[in-house]
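Next come two complexes built around chain A: one with chain B, the other with chain C.
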Partner chain A sequence: MSTPAHIVERLDRPAPESWPTWSRALRDRAREGFLAHGLPHSRLEDWKYTSLAGLADGVLDTIGPGEGDGASMRAPVIEHRVLRLEDGRPVDSGPEWPEGVELRPLSEALAEPDEALRGMLEALNTQHPAQAMTALNTADLRHGLVLRVSEGVDAGRLVLAWRSTTQGAAALHNARLLVSLAPGARLDLVEDFSVAGALNVIHQVSLGERSLLRHARMQANPAASWLITRIELAQSADSRFEHTSLDLGLGLARHDVRCCLAESGARCDLAGAYLPTGKAHVDHHLDVRHEAPGCGSSQTYRGVLHDEGRAVFNGRVHVLPGADDSEAHQSNQNLLLSRNAEVDTKPELIIEADEVVASHGATVGQLDELAVFYLRSRGIEESAARRMLTGAFCRSVVECIEDEIVREAFMARLDDHLEQDR
Partner chain B sequence: MGPNGSGKSTLGNVIAGREGYQVTKGRVEYLGKDLLALEPEERACEGVFLAFQYPVEIPGVNNTYFLRAALNARRKYHGEAELDSVGFLKRVREKLEVLHIGDELLHRAVNEGFSGGEKKRNEIFQMAVLEPRLAILDETDSGLDIDALKTVAEGVNRLRSPDRSMVLVTHYQRLLDYIEPDHVHVLAGGRIVTSGGPGLARRLEEEGYAWLEDGGIAEVAEAS
Partner chain C sequence: MSSNPTVERHLEGRYKHGFFTDIEADSLPPGLDEDVIAAISARKREPEWLLEWRLRAYRKFLKMTEPHWAHLEIEPIDLQAISYYSAPKSDKDKPQSLDEVDPKLLETYDKLGVPLHERARLAGVAVDAVFDSVSVGTTFKKELEKAGVIFCSFAEAVHDHPDLVRRYLGSVVPQHDNYFAALNSAVFSDGSFVYVPKGVRCPMELSTYFRINAAETGQFERTLVVADEGSYVSYLEGCTAPMRDENQLHAAVVELVALEGAEIKYSTVQNWYPGDENGKGGIYNFVTKRGDCRGDDSRISWTQVETGSAITWKYPSCVLSGDNSVGEFYSVALTHNHQQADTGTKMVHLGSNTRSTIISKGISAGHGQNAYRGLVKVGRKAENARNFTQCDSMLIGKRCGAHTFPYIEVQNPTAKVEHEATTSRIGEDQLFYCLQRGISEEDAVSMIVDGFCKQVFRELPMEFAVEAKALLEVSLEGAVG
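== the complex of A and B ==
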């Protein structure tokens, strides 16, 4: 097992001389934070059901150069307006942008004075044991993107294709994405992960008034992979965040989303479908904070678990004092289709305001056998009937994607997955 | 026909192959085959169709997609080429027209959010598309208002043909005002206790099932 010092030593590459002092201090402090706590472990409530022990044992010690399995060759889910990242590092400049959109590599942005950027980067907590992956990411701050959309500009779509080469000395890679939408701006962000080894990605997003971010993310990572994502989002008045996550991979995926509805009329809709097979593990930790009155949020997550698949859902909604007239809905439904699969679901609703409309529910069950019989009684084979029903169960999540092109592309991947599946 | 608990739905479900029933005695021979040895989907492909008393809602499965899968499963079973979407839609639209059903049915998920009448109409529509040899309609008239009843009856009448048998399970004569049966069988305690023509249904409507118990069963038993 790798010690924290061992992990940091494998990752540690000093910051370029051109970077400002504050950024070096930020990295140093994060490094200390990580050294103090090490990788998150199951004694931490936030990591109770998801162990990264395999990451320390597996990635850092055994996966070396040239052990890629072809995952990096997979074509992006959508082949237009693609920016490719390998091992967390942008390897091309991506699509052309309309006036008012700025996209640059993080390393380049850091070399210039930028108070807004500094404010965002310094906002994350790197000293808490449960945030050790954030500390690690910050200690290794280097690769990533800074994307800014000016007031009223529709940036259109950006597809990020995350791939791995496993050519590096250590197959744990960190990346940071900083996205700012000015008032009235919009962006459709699509992310497609097909990554071996370990990737630890943090998105920091700032949504100005009336801005709209649509975010669709899918992962089809191979076995023995670790994808750790974290989305930190601050929303201004009447802004909107629509997020859909599709997990089809065979490895471990841990997704944290933290939305702060800071001003009235902001809304975030989070949805996800996960279909762990084999020994795949998918963990969603959602934390939506209603800080201002008249905000809305929803969490709609559905899982289908086969084999020894594991899923964790922890969805928290916190309506703070004064956030009156809020609306918050949460639903997590799971189909447990194998004796050896396991799901741990925990909806948390904390309401400290008045006139709040809230609902939450979690279910773990099997397919409706009467529905299976209904389909069979019309001539459809049993296996096909079961596939049709499990497909329908998770398709409803993908159907919520507004953009038709993205929806169809994700649906095609989901259907492929369902077809391969037994 | 038959009183509550007489085994009408059980018979339909056993013939269609629903789980949860054990056949302890007897056999079902259908077109020379031992029906009970077949899986439910094989029975369907052999031409058995059960219109459900309570059609199941299947959210997320589109009616068109479902019907096409069902129809193509049947064609595959018989070694025929699958219908492409153009051929399928053509067939479906013909049936809709014949049954006077609007095509909004095609765009909805199977039975999801349907009213009682819509669900029953959807069963008749499925029957029309799948063209079974033996259709069992389990209380298709229950819970329907008079207009929906007429629609269902009209659908059934249009599908009547010399090479198709239909078994209507019903409590009421009312359905038979619109569908003239060839035979009426009365089931009680799991067996057919009397049989007759359309007149038998009318007598049951007037007198209930009690007269059967007062010797009617014996009469029939002696006659057979």
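== the complex of A and C ==
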């Protein structure tokens, strides 16, 4: 088992000389934070149901390539406007951009003075035990992207294809994505993860007034992989964030999304479908903070669990004092289809303002046997009938994706997955 | 909506039970150590095994730390400043019957609306009243004896029915269950004990009235209810305390055991002193309540109306071990002024075909903070478990909070678990409708709140339902204004 010092030592690559002093200080402080707490453990409320022990035992002790299984070679979910990242490092310059869009590697952006960038990077808490993965990411700050869209510009679509060079067990890689949309700007961000080993990605997003970010993410990682993502989002007045997440992988995936609806009229809609099979483990931790009046949010998550699959859902909506006229809806539904699968769900509401309409619902159940019977009475085989019903259950999440091309591509992946499934 | 003087007046006088009865008390000096525990045990002339049990609990307690996970702001509690034993010193000897009970004490219960003689007779309710640390008299003892039901103070039970106590004490809530349960196990002074024998339907409702009277004391009672095979019992519990500036600690433990085919209905109307409108004083109500549906086809139902206490930390739970067992939890929790509540339930499904229902209604007014925290767990072997949970919150005013923390853990694919919750304020349209029909604003609010809580009140025995409704009205007046 790796100790925190052991882990940091493996990751420790000093920052380039050209980087400003503050960024090195930031890395050092984060390093201290990680050393103080180590990997998150189940005694922390935020990590009650998800253990990273396997990460400490396996991945961080293994250096160098493991056995290949070809997962890394998979073609991206959409093959246009793709930027490829290997081991968290951008390996090409991505598609052509219209005027007003700036995309460059983080290491390059950091070499120049940039107060906005500094503000964003310094905003994350790296000292809390539950944020140890954020601390680790910051301590290893180096790879990633900075994407800025100017006022009123529609940047179109960007597909990020996350791959790993080493297949099977490998070291942990960290990456950071910083996205800023100026007022009225738009971006469609698609992410496709097919990564062996461990990847720890943090997205920091700032949405200007009236801007719109559509974010669709899917992962189909192999078994014994660890994907840890965190989205930190600050939204200005009347901005919108539409997020859809599709988890089809066999490894462990932990997704944190934290949205701050800081100004009135902002809205975020989070949706996700997860279909853990084998020993897959999918954990969604959502935290939506309504800080200003008149904001709206929704969380719609659906899961289908087979084999020894395990799903964790923790959706929190926090309406702060003064955030009147807020509207927040939360729903988490699960189909538990195997004896050894497990669902742990906790839809939280913290309401401290007046004039709030909030609701949440969570269910754990099975397929409706009457519906199965109906389909069988029409001559459909039982396994096909079950697949059809499970498919319909998950598809409703993918259908939320506005962009037709993205929706179709995700739907195709979901259907493939359902077909393979017994 | 502006403030209303009549309502304000009403609000000021709202805690009716804030009087203090000046009776001579036999108290231990403040402080907590093994000697204090030995002194409590000696005063109650307890057998050796119980003292040992207490000391074991105390040693476990010393290794534990105060929990901080609840959504509560708790001022540090100085356990050494509390007196762990206070008994009304009416007679050196314990009163043998109600006629021997200090008349002053009986007067206190009269003021509380629990005239032991009358109310009991009228309502057919047998009352065991606990004053600070000791039980002062149990009514209807003879009638119950005829049915074979044992209903007495805990101390009496230790002397008269040691086998039963020994067998069940700590079997549902183990000594080290949590910080406050461990403290209680070490220092508990009295409480009630109920045993309903096989096949007996308890002929009347049993009731305990708890009152903290002396200053700087804590109340640590322990209640143990055992329903043997095929029996039924309905148990009611009410609580009050005088108005004082300092916070007083109430850390009770309630254990219920339902054997095969037995049913226990446990109702609480909790009206401990909630502190003044600035949040000064009031009771810290840190209670561990748990029922074990040990036998097949057994049933435990918790109903609670929580209007009092500065801070409530309480999760009446059901462990559904027997096949086909049923657990129910109905709760209304009201927080006003600076009250805080973190309350809910745990339903642990272990047997096959177990069912549970949770209905929780939280009302927050003023600066009140109200949190529902619940756990529904379906174990790997719990085939066909069913749970339905509904927790609704109502907000009255701009500075209050309503929070929901439901944990759902399902490990069996035959389980059906549903949870739904809403948070909203009193509808302007509902209010407007009532007002334009000539109903005053306070009446309208109380009507709407009453409707909101109806599902829970329906579960209370009749006299309690009336009391609960009145209590809610008094507690809420001034909330909208």
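One rule holds for everything that comes next: the second predicted complex is superposed on the first by the 414 of 422 C-alpha atoms of A that agree within 3 Å, B and C clash if a C-alpha of one lies under 4 Å from a C-alpha of the other, contacts with A are read in each partner's own complex, and residues count from 1 in each chain.
One rule holds in what follows: a residue touches a chain if its C-beta (ideal position, glycine included) is under 8 Å from a C-beta of that chain, and two chains touch if they have at least 3 such contacts.
Model, not experiment: these values are computed from the prediction.
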Chain C versus chain B on the shared chain A, clash or fit after superposition: fit
Touching partner for A:Ala353 - first (chain B), second (chain C), both, neither: second
Touched partner set for A:Glu382, first chain B, second chain C, both or neither: first
Greater residue coverage of chain A in the superposed arrangement, chain B or chain C: C
Partner chain(s) touched by A:Val343 [first = chain B, second = chain C, both, neither]: second
First, second, both or neither for A:Pro321, with chain B first and chain C second: second
Contacts of A:Glu408 with chain B and chain C, given as first, second, both or neither: neither
Which superposed partner A:Asp368 touches (first chain B, second chain C, both, neither): first
Touched partner set for A:Ser396, first chain B, second chain C, both or neither: first
Shortest span in Å between Cα atoms of chain B and of chain C, once chain A is used as the common reference: 16
Complex interface listing, chain A residues touching chain C: 45, 321, 324, 334, 336-339, 341-366
Chain B-touching residues of chain A, taken from the complex the two chains share: 368-371, 373-382, 384-385, 388-389, 391-393, 395-396
Touching residues (chain side chain C, partner chain A) in the complex: 69, 71, 378, 380, 393, 395, 397-425
Sites on chain B touched by chain A in the complex: 16-19, 39-41, 43-45, 49-50, 52, 55-56, 58-61, 66-67, 69-71, 73-74, 77, 109, 126, 130
